[in-house]
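This is the structure I want to talk about, given as structure tokens.
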């Protein structure tokens, strides 16, 4: 049997950071991921932060990947503008929260996880190879067994192998947690459901529209009726040449009043401000004349497809400073004007010869969904089992404080701590739970991020309140009026926060995380002080079937989900709550069609839920 | 020491996917407007060779006959298989070659590859433009190598110098057969489109990733690995290549005329709901369901 | 005009027979049928007596030799050995090539031609997994030309003017086999000829004129027990190194798609194009109602549309193709949805009991090969069919 020092299960940002860190410490580690390529199973909102807390130390992404990170990694845009919009129909009241975004932060970049994790993987694999380790995509771990002091990993694809320790980074629906029994499945109170679409938008058009410089980015958050009265919030983030638009909803709120995730995301896209954000020029093909001979119809179809592709690609390049420069350098075009005239002649040919039209619309590239653990509620108190350490989402660790949602940086911090703990155990050849597991638990407990999952940070609160000082206080309901007044005074704030922290998040949350806070207050603010935003075009929003059709799957003919309670109330709600409509009711039983599954885990609570086997299942292109 | 020497013969082919392909009004392919890529079957052959690299540390040479731009296909193949050497056989006199004349060029080219005598040569199942599937076996025969077609899986016994291969045999009107054969090296393998390499241990997977990375780096500067040969440099007899070396010619291309009717169809107008109901009744009768009056 | 003298050195049409354990593969008999028709016309036209010669390799195959005569062969040359139980390319190629130029065999079959005999005039192979490769290697050994995937054959005297073959001069090539080959779109037919180089600069003879023939295209003859002919055994020269390829095992596998166990088959083609995904789902529903298997036309297997990967991997696969490059089916009911009816497809389904076509275009060729033609767009017709099927099923159940 082959033997390796460490197995890392799951190739998300946390698992990859663990691999890189172990390799930095000159330890041998093998990372196993079920996706066909690294990054293909990962989805995030997504902003990646680097933090510098006043008290304590966090391990940041640039500590792990060192100097090259900011200059080399495929980061989308440095977020320099962070704005919260309270919405009510077409009325919007905007609050600049850039100062809260910058609070104790080195930076926050918008990211697309497929691209970013591929880069992490490249870096981590290069280091790992030197230690005799590396990354193995396309392999699904199905069990871990202990025989005496040997830990054996079994997969669906490979011969079994032996390791000394395991870092489980297999995400919010961690199978390792499930098969080891390290923790219970998360409950609906402990989770948020995030839904996102990636929208195409050429670079320079975006920069002009969002009033940002070539390397800058904007984050726009939305609260109010835009969430269709659910606890949660919407977002639009600028990437390099795409936008990430979506929302997160408290899962419990969805269970109370189920709405289809795609209906929810459509509500975001239909908001007039968002509509104006995402719009672009789009070519629409004309119907092909059915009276033409078959071959001619086919020929026309293919000719139009080709022209539209060329037009679209060239136009993207034209609006991209680097793309343009490269194209001119290649000698294919002499100047910017020449590219422009080629684009014009293509659109001319399309409209004259093939009756194509050019309209204002938007182009959706990818639809995705994911569950997000609320670390305040569900972080593992002891994030290990035997010699298996849990990190990031798998350990239920993430920060959820008002508009502040952080997961990637938390996972990376955890990963470094887990890697350091494992390295220490390798050095002493001691993998007992008190030398490894308990040490790791204490180490994680020390993290400032854990503090943020346990108590309110009064300095953050002050920054937040200062930013919202222009919000008319009289509309902030009687219940909040007093709190606001309390919090606005330095001394009282200290007292109040101290008191709140004694009460603990557990008791505070039901009051703070309510429909009133998330919906009614913003709606009132928008109604009273908001300005009207208008948008005249109607976006062609794809149906869920069209969205699924656009996704790439390699279907596993063995279903990875088994329905356990086909008649339960929870499962009936899955018919509505599954983001890709995998469930239907036939003869009063809830039935599963797993082919469209994007592996979000929304249904995991009452199903036997596994990840698909290696290389199978969803293959996100953006993430 | 290299324990296994392999070669792949590949082809640059039109990209037939929608959005890339273009047809003339007479239905023929518009080659000028259609981008060319590494043929899909050539890509599968490259994957099969890469399996030998990962598992046995094989040395790989890739050869193709084509116009100068066919070096793009070589680069694409190198990206898949981490080739150590790329050969392009390019000469105007090769143009118009049928499979026999193409096989002559490929045979001669393989003889010029650096590894010396080959242990295995791989080729695709067939080209997506020509679709004859003859070039592989004819090259094999000219080389005097054992030919194994439709291979879906293989392994090498380095001690015995044999290849053990699984072949998929589909014969019309019969069941499909998977045949397992053992043949001495050297062998010529055409790879079935359904071929999927299986790497079953962690070490093999790690080697896979390592070579894949090397392939990426090599393909970026593929010209360093590329040798171009014209007819003279190859030393082929002009009488045996190109049009002169081709027994067959294309005499004419025409539209396929309408065949004579084999059945007389009753035409039903879809907009008449009652008619459709009758069709359904008919279906039940045909399928032996209960007849409804 | 010059007539090449060596024309006298080629005789007869050789058909390479394929079989499994002594049972002929259908295409073998189809090739014999077409060979018979061609050579009957040939002998009449040229007042000659050239033969259809079947070549058969195997073990325990004497009975099959007799059968081949009844299906149209004038003569059978067979080689029998336990080593030849299953086809192996190397040894088969050597033996077939030996037989092809063997004068002793010809002496028994066509004694009047044996003096001049050099090579077969024509040679037919099956365009399947075995014949495709075998034809390639045999013709590489015989150094002549080969056309693949043929579905029409004509023999004529042709006047040819070709830059290389005739150095631009018009010359008559007598008894030339015109080999018609459809391209994958089903729209175009390419005629391929195998011609000697008569240009003095590159003079070379190219015989036999050979091709591989698409299964399911030609009609076999009706078995005629009164027919007789000559059976000749050829004792092959087997060399040790030619037998180095060892067959370790043979395993029969069943495709995931089994057309034979279903009474009904529904096939779809390019007609789904307006909304491929929704349309395939409609077809799925219809298939469920009829307990039918789903087939496709060849172009669909090339995945021409961007749809959900699940659907692509389930339906747009070669094992569902019905037609010359796929399966030949004969269900009780065949429903062709959005299939125009390219001849390759027709060849795969023409034996069906009852054929319904759904197509908006009454000029599509499928109309000539169906019993019932529903004129309309599938998006419209299929839902009504499903609805009616459900309604009538309900009625039936109630009556039960």
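First chain written, first letter: the chains are A, B and C, and each begins at residue 1.
We adopt the following convention: a contact is a pair of C-beta atoms (placed from the backbone, for glycine too) under 8 Å apart; a residue touches a chain by one contact, two chains touch by 3 or more.
Since we're looking at a predicted model, the values are computed, not measured.
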Chain pair, most C-beta pairs within the contact cut-off: B-C
Chain nearest the global centroid, as defined over all protein CA atoms shown: B
Geometric centre distance via CA averages, subunit C-subunit A, whole Å: 54
Gap in Å, rounded to a whole number, between the CA centres of subunit C and subunit B: 21
Between subunit B and subunit A, distance of the C-alpha-averaged centres to the nearest whole Å: 41
Numbers and ranges of subunit A residues touching at least 2 other chains: 295, 298, 301
Sites on subunit C at which at least two other chains make contact: 185, 187, 306
Subunit B: positions in contact with at least two other chains: 18, 27
Residues of subunit C touching subunit B in the complex: 18, 20, 25-27, 86, 88-90, 93, 128-130, 132-133, 135-137, 139-141, 143-149, 158, 162-165, 178, 182-195, 197, 199, 201-202, 204, 206, 215-216, 244-255, 263-264, 290, 302-306, 318, 327-328, 332-333, 342-343, 346, 350, 353-358, 362, 365, 367-377, 380-381, 384-385, 388-389, 392, 395-396, 399-400
Interfacial residue positions of subunit A with respect to subunit C in the complex: 290, 294-295, 298, 301, 545-546, 548-555, 595-596, 619
Touching residues on subunit B, where the partner in the complex is subunit A: 18-25, 27, 33, 199-203, 205-206, 209-210, 213
Subunit C to subunit A touching residues, read off their complex: 185, 187, 270, 273, 277-278, 306-310, 313-314, 340, 360-361, 364
Residue ranges of subunit A touching subunit B (in the complex, touch as defined): 2, 4, 30, 125-126, 129, 133-136, 139, 157-159, 161, 295-296, 298-299, 301-303, 305-306, 308-309
